[in-house]
């Protein structure tokens, strides 16, 4: 087994040992989403119009919330040193960690969001579009958030700082993710949106691993 | 001996900046005075925007300088990460708040201009929204560079952020433009005039150059301060 | 066979290594060499730069100046191969509390690109961990964790061990086990550098006393 798959399997196994940690993130997602109808009122046409934006924003916050521990746990118990000293590229380790994060956060969020969309009065095609855009868009959030997590490793007040760094960089993904459902409501297809989301994910894939690796090396100095 | 090594570049920079700064400051004041005079008394009123067009002479150059300032942060970041240039870190630390201030001026003047034109202080105009996100990127850079007990660690983390930020800036701009056309009819008066007459263009460019002088002056002055501050901190750490 | 009476160049060589933190020198133009089967004990007071030196040798901190070479080749040219030659024990154990002793050892070895296989039992036995093999690390005492981390070092079969206070939290039998493991490693031609303020109790160890430019007393 290569270092990449070993690290991926290790992180997934660690999550399985404490499934509650993922449960808390998903519960946050549900509770945060439910607050909107309570705050805005239950008119179905209003809710259906804001559903995509609300669910995308809530997913973004939920993903960021869980990212703070992505490298911090390894930093605190010294296993980060073992990754830094592993005889294979640190960029791959960064990628494995972000992939593990996406599997335990982005993937379940993408599956859960359409279910919540029903409560917002979204129709069938919109629910499908919501799930599809989240599925293609959340990897970008894991990568950009992973970078913010690596940059704030060992910083003071790292949680709020992480959000401040990651949120502006996540804006394009949010715009095209939430915009897709609106386009669908206007009677157009969402292929362009999904393609742009995929392109954004590829840009993140091409740029963030080396940046995360550089940030982790600095944290190790 | 070892301290001299660290200060080699900053010390040379200090000698340079101390020679340049007084003259540069004088030139900046002079140019700004001429620029403000041209903006208020030479440039004609716009037939559509009236006197409010004069805000553009501050608004537009501020937008240019805040964008250029972020590109400068990225260049300084690359220079720090690749060549470990100690001066680059101090200059980035000095430049970020200046760039953020120009972004803030751009946002404020944009909103002041918007009040008579749009009837409200804030409209989700594509340019203003992009500028707001750029302002947030600046805030992140400033906060990150000051978030560590070791200033060097903050310098390098912020350098990585600036590089990733500069790659994402065009993407953010593109997506905000797209979002804007989706959500707003194009009939609203945009902040950019379609064709600029020379009587406006000349004062505009003059103001842009004057504010560039101001930008450079402030960055050099603040870099000097950062050099002194870092030197003091190192002296305290060694004591 | 009688060994030839020739000057053998050291396997591991450090030349003019300098390091600074926050503009303050931690060590300045440090040079030493280490041959096969040799142990170097780094001594010095708290804050004298022992840990910084170990991190610089591992490549975790880029040095200000100087070279580190292995069999005459500068290790900076190929950091991945260099990292493959190292076994690292920091002052943090580098163990996952939610994983068992065995899981931690197997995963750490795979992350190094190796496979523990039959060697696992020997490593567990060497540090009397057989009875704790399937215990989760967070339930272990500090000494038991230290022993697990040492078992990881033994398991790696790396030619150079970099150890930061290896005797920390170890009781007398565990210290003896560590000495045995270290002697076996050295006898097989391995090298080791250990930062320590206790006596390692190994015959013929070289010593390097760091009192560097940047001595700072603990508060």
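Letters A, B and C name the chains as they come in the text, with residue numbers starting at 1 for each one.
Following the convention adopted for this analysis, contacts are C-beta pairs under 8 Å (C-beta built on N, C-alpha and C of every residue); 3 or more make two chains touch, one makes a residue touch a chain.
Quick caveat: nothing in here was measured; it's all calculated off a predicted structure.
J.: Considering only mean CA positions as chain centres, point out the chain farthest from chain C.
T.: In terms of C-alpha centroids, the chain at the greatest distance from chain C is B.
J.: Going by C-alpha centres, which chain is most central here?
T.: Of all chains shown, the one whose C-alpha centre lies nearest the global C-alpha mean is A.
J.: Which integer distance in Å separates the CA centroid of chain B from that of chain C?
T.: From the centre of chain B to the centre of chain C is 48 Å.
J.: Using the average of all C-alpha atoms in each chain as its centre, how far is it in Å between chain A and chain C?
T.: Using C-alpha averages as centres, the distance is 38 Å.
J.: Would you mind pulling out the distance in Å between where the CA atoms of chain A average out and where those of chain B do?
T.: Distance between chain centres: 31 Å.
J.: Please output the residue numbers of chain A that touch at least 2 other chains, ranges allowed.
T.: 221 - these are the residues of chain A that touch more than one other chain.
J.: Of all residues in chain C, which touch chain A in the complex?
T.: For chain C paired with chain A, touching residues are 55, 58-62, 80-81, 83-84, 86, 88, 90-99, 103, 107-108, 110-113.
J.: Chain C touches which residues of chain A in the complex?
T.: Counting only chain A, the residues touching chain C are 1-3, 6-7, 10, 13-14, 17-18, 76-79, 81-89, 217, 220-221.
J.: Considering the complex alone, what residue numbers of chain B touch chain A?
T.: 81, 133, 136-137, 139-140, 143-144, 147-149, 153-154, 156-157, 160-161, 163-165, 167-168, 171-172, 174-176, 178-179, 182
J.: What residues of chain A sit close enough to touch chain B in their complex?
T.: 147, 151-152, 154-158, 161, 164-165, 167-169, 171-172, 175-176, 179, 182-183, 200, 203, 207-208, 211, 214-215, 218-219, 221
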